[in-house]
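Paired with subunit B in one complex and with subunit C in the other, subunit A is shared by the two complexes that follow.
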Partner chain A sequence: MHIPDGYLSPQTYGPLFGVSFVFWSVALKKIKKDLSVKQIPYLAMAAVFSFLIMMFNIPIPGGTTGHAVGGGMIAILLGPWTAVVAVSVVLIIQALVFGDGGITALGANCFNIAVAGPFVSYWVFRAVKGKSSKPSRLSTAAFLSGYIGLTVSALLVALQLGIQPLIAHGPDGQPLYAPYPLSVALPVVALEHLLLFSVVEGVVTLLLLKYFLKHEPDLIYSLEAQRTRT
Partner chain B sequence: MTKTQKKLWAGLLVMALLSPLGIILPAMFNAGDAWGEWGSETLKKLVGFLPEGMKKYADLWTAPVADYSFGGHDGSMTAQVVFYIVSGIIGILLVVLAIYIISRMVIKNEE
Partner chain C sequence: MKSKIPAFLIERTSVQPYVPSKGRLKKSFIEKGIDHLAEVIKSGYVQWETSLMDSIFHRIDARIKLLFLLFFVVIVSLKHQIVPEFYIAGFIFLLTLIAGLNTLQFYKKVLFLGFFFGFLVALPSALNVISRGEVVVPILHLSRDYNFWVYHIPAEIGMTREGLNAVSMLTIRVVNSVSLSFLVLFTTPFPEIIKALKVMRVPDSFIMIITLCYKYIFIFVKTVEDMHLAKKSRTVGQVNNAEARQWVGARIGSVFKKTQLRCEEIFKAMLGRGFSTEIRLYQSRKLSSHDIAAGGIFLVIGGLFLWM
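The block that comes next holds the complex of A and B.
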């Protein structure tokens, strides 16, 4: 899910840097306005959690590996804009220090994993939860939030990789960057996530929401609006 | 630090210690790189050539702790497990430092 250097053409990674810059600057303004000092330790822990969960590579026997991100959980717990900051910090450190994800692809990776994923997760959670506060409804919302959020991140990765042969090839038609077309990239990445990696993300989101509901219910950002209303 | 926060940090530390499962299990089940994250050698084997762009970007950046390891992937599994845990700890410290710096820079209004 972390696109390395050399897989994306400049006409792909350039604009995505621009998009991520916009989200980063808005996110920093938002946390300046909304994040309380009390939440900072949780922001740090959330980012650490995301860093660590990405180290747990899950194998598809004889095939590829993948991992959860925890972005949906962070969006539910601290809000989608805070998740943008937390996961972007992780992705930048992973690229610079651990060579996980490319430098040129940082804008793309941050957009896919730190922006799109958490926002989709947050919207799914709010939509599924609705006005209900029944535990079963919250659990369903949390699972789907992680499941769909990570899948959307993965599909964006597949899309960006899959269009490379179309937009950048040599005179002989040989791809200059990621070589597999959309017809390969999309189904492979979609399936491995729908069947395994996103399920793990959903379960992680569900378990952590249950934990925070029990121990720190006041902290949960996505339940806040409802609480102040009642 | 509240009791819950202490428990959560303990949980994160346990995660760091268990993180080598993320390299042991793939090795056990003979699973390779994530799709679309192959190194040059692997990609060459997969498609028969190395795309021009990839050659161009190959040496753009040399990460100090590439692949969460210090000795490449030639060492024994035990060495890799140790490197992986150390990488996890380094990652925790860097992430906390970065979040602390950002918080100091951004959140001034309540001090």
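The block that comes next holds the complex of A and C.
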């Protein structure tokens, strides 16, 4: 899911840095006009939580294990703008410390995982849940938010990789960056996510929401935000 | 004679470290979790240890090293020929020697990532199904060509010269980028790298979030590791996948609660240390002549690589 260095051409990673920069600026402003001291530990801990979600391996049918990405979960629990900052911080640390995701690809990774995923998850959750507070409706909303959020992130990754042979190729037509065309990148990424990874994400989001509905329903931002509005 | 050993001690557990599966051993989700967490702690520890060593490269200011990293990573991404990439690789190797890093350990890590993310992921693209060109490594012969939708499968499937060139290029580019990141990471304490982001006009508040997050990641990774070890030590019966997923969901929820509680504690500690509403990081020291000289050398060499 994290794009490494070398796969994206400058004409792709440059603009995506710009887009992510806009979202980072708006996110910091949205969370608090002038970020106060109190928000610092709050956002730092949200980022820690986002990092830790990926540390839990979860058994999936077939005898293997997978892990969730968690962007959607953070968006539901803490709000989409908090998720933008928290997940971006984690991606920066992962790229610099663990070599997970490239430095030139940081803007693209942040856009896919920290911006698109959480926002899609949040909107899907709100749309599917509607005004209902039935447990079955909430469970469906939670599963779909995780499932669709991660799928959209993955499709964006596939799109960015798949257009490389079209926009950056040598005089002989050979790709200079990611070598797989859209006709390969898109179906491969879509299939593995639709059938496996997004299911894991959906299941973990559902389990987490169930846990919070049972023990601490007041901590769920997306439910609280709706209550405040009505 | 009936065995007096309690049934739960004889029973095979599903959470045993290794589960046999078709001639190979599979790790349970708890073991994988523990391995994953241990790897995070190890990475942090190794980075901390090596960044505190002393060498000419270690002594260069973090701001210069950060700019060097960004400049060279962009150069690596701009080069389209394999020879300049090899020159860059040679230059990075020279810097690892100057920095006194354990080159074997360093390149073991770099080459593993390069092999995985560069070579292995890109290798299938060398097949003539994806890369058109002269087949130099034939693999399979079919009776005829096949066409469906936008896909064309030729009768002779193999790797093309052009495809292999592209794979080599991508691999060396990934290796160079990863080695540049690790070179800077292993020679600079992480908080210094983050503080150096100030030169790129990153707000102090954002830098502080990253610094706090980095510190607490290791504290919480230990907490999560303890959760896994506790689960492992008290599991004697059969745990099915559904139960395991419930456990993971509840533990993630519990971690979330712990991080929220820690927020309050950190905030109180910050107030206790005299934090006001304004966030301001200490100014870094002035750049020395050694830093400026290093910056100049990197600029000239980078320019040379760009020109090549």
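As a working rule, the second predicted complex is superposed on the first by the 195 of 230 C-alpha atoms of A that agree within 3 Å, B and C clash if a C-alpha of one lies under 4 Å from a C-alpha of the other, contacts with A are read in each partner's own complex, and residues count from 1 in each chain.
Assume contacts are C-beta pairs under 8 Å (C-beta built on N, C-alpha and C of every residue); 3 or more make two chains touch, one makes a residue touch a chain.
Predicted model only: the values in this text are computed from it and were never measured.
Chemist: Examine A:His215 and indicate which partner it touches, taking first as subunit B and second as subunit C; both and neither are also allowed.
Modeler: both
Chemist: Between subunit B (first) and subunit C (second), which, if any, makes contact with A:Leu77: first, second, both or neither?
Modeler: A:Leu77 sits against subunit C, while subunit B stays out of touch.
Chemist: Applying the touch criterion given at the start, work out whether A:Gly173 contacts subunit B, subunit C, both or neither, answering first, second, both or neither.
Modeler: second
Chemist: Which holds for A:Val203: it touches subunit B only (first), subunit C only (second), both, or neither?
Modeler: second
Chemist: Tell me which partner A:Thr104 touches in the superposition: subunit B (first), subunit C (second), both or neither.
Modeler: Once the two structures are laid over each other on A, A:Thr104 reaches both partners.
Chemist: Could you tell me if A:Ser183 is touching subunit B, subunit C, both of them or neither one (first, second, both, neither)?
Modeler: second
Chemist: So which bits of subunit A does subunit B touch that subunit C touches too?
Modeler: On subunit A, the overlap between the subunit B and subunit C contacts is residues 4-7, 9, 28, 35-37, 40-45, 47-49, 51-53, 55-61, 63-65, 85, 89-90, 92-93, 95-99, 102-104, 170, 174-180, 215-216.
Chemist: If we count contacts the way the header does, which residues on subunit A are in touch with subunit B in the complex?
Modeler: The touching residues are 1-7, 9, 28, 31-32, 35-37, 40-45, 47-49, 51-53, 55-67, 85-86, 89-90, 92-100, 102-104, 157-158, 161, 168, 170, 174-180, 185, 188-189, 192, 215-216.
Chemist: Can you check the complex and tell me which residues of subunit A touch subunit C?
Modeler: It comes out as residues 4-10, 13, 24, 28, 35-49, 51-53, 55-61, 63-65, 73, 77, 85, 89-90, 92-93, 95-99, 102-104, 170, 172-181, 183-184, 203-204, 206-208, 210-212, 215-216, 219.
Chemist: Where on subunit B is subunit A touching in the complex?
Modeler: 1, 4-5, 7-9, 12, 15-16, 18-19, 21-23, 25-26, 28-37, 43, 47, 49, 51-58, 60-68, 84, 87-88, 90-92, 94-96, 98-100, 102-103, 106-107, 109-111
Chemist: Inside the complex, what are the residues of subunit C that reach subunit A?
Modeler: Interface residues on the subunit C side: 19, 21, 26, 28-30, 32-33, 36-37, 40, 43-44, 47, 69-70, 73-74, 76-78, 80, 109, 113, 117-118, 122, 125, 130-133, 150-151, 162-163, 165-167, 169-170, 173-174, 177-178, 181-182, 185, 190, 193, 203, 205-206, 208-210, 212-214, 216-217, 220-221, 224, 241, 244-246, 248-253, 255-257, 259-260, 262-263, 266-267, 270-271, 275-277, 279.
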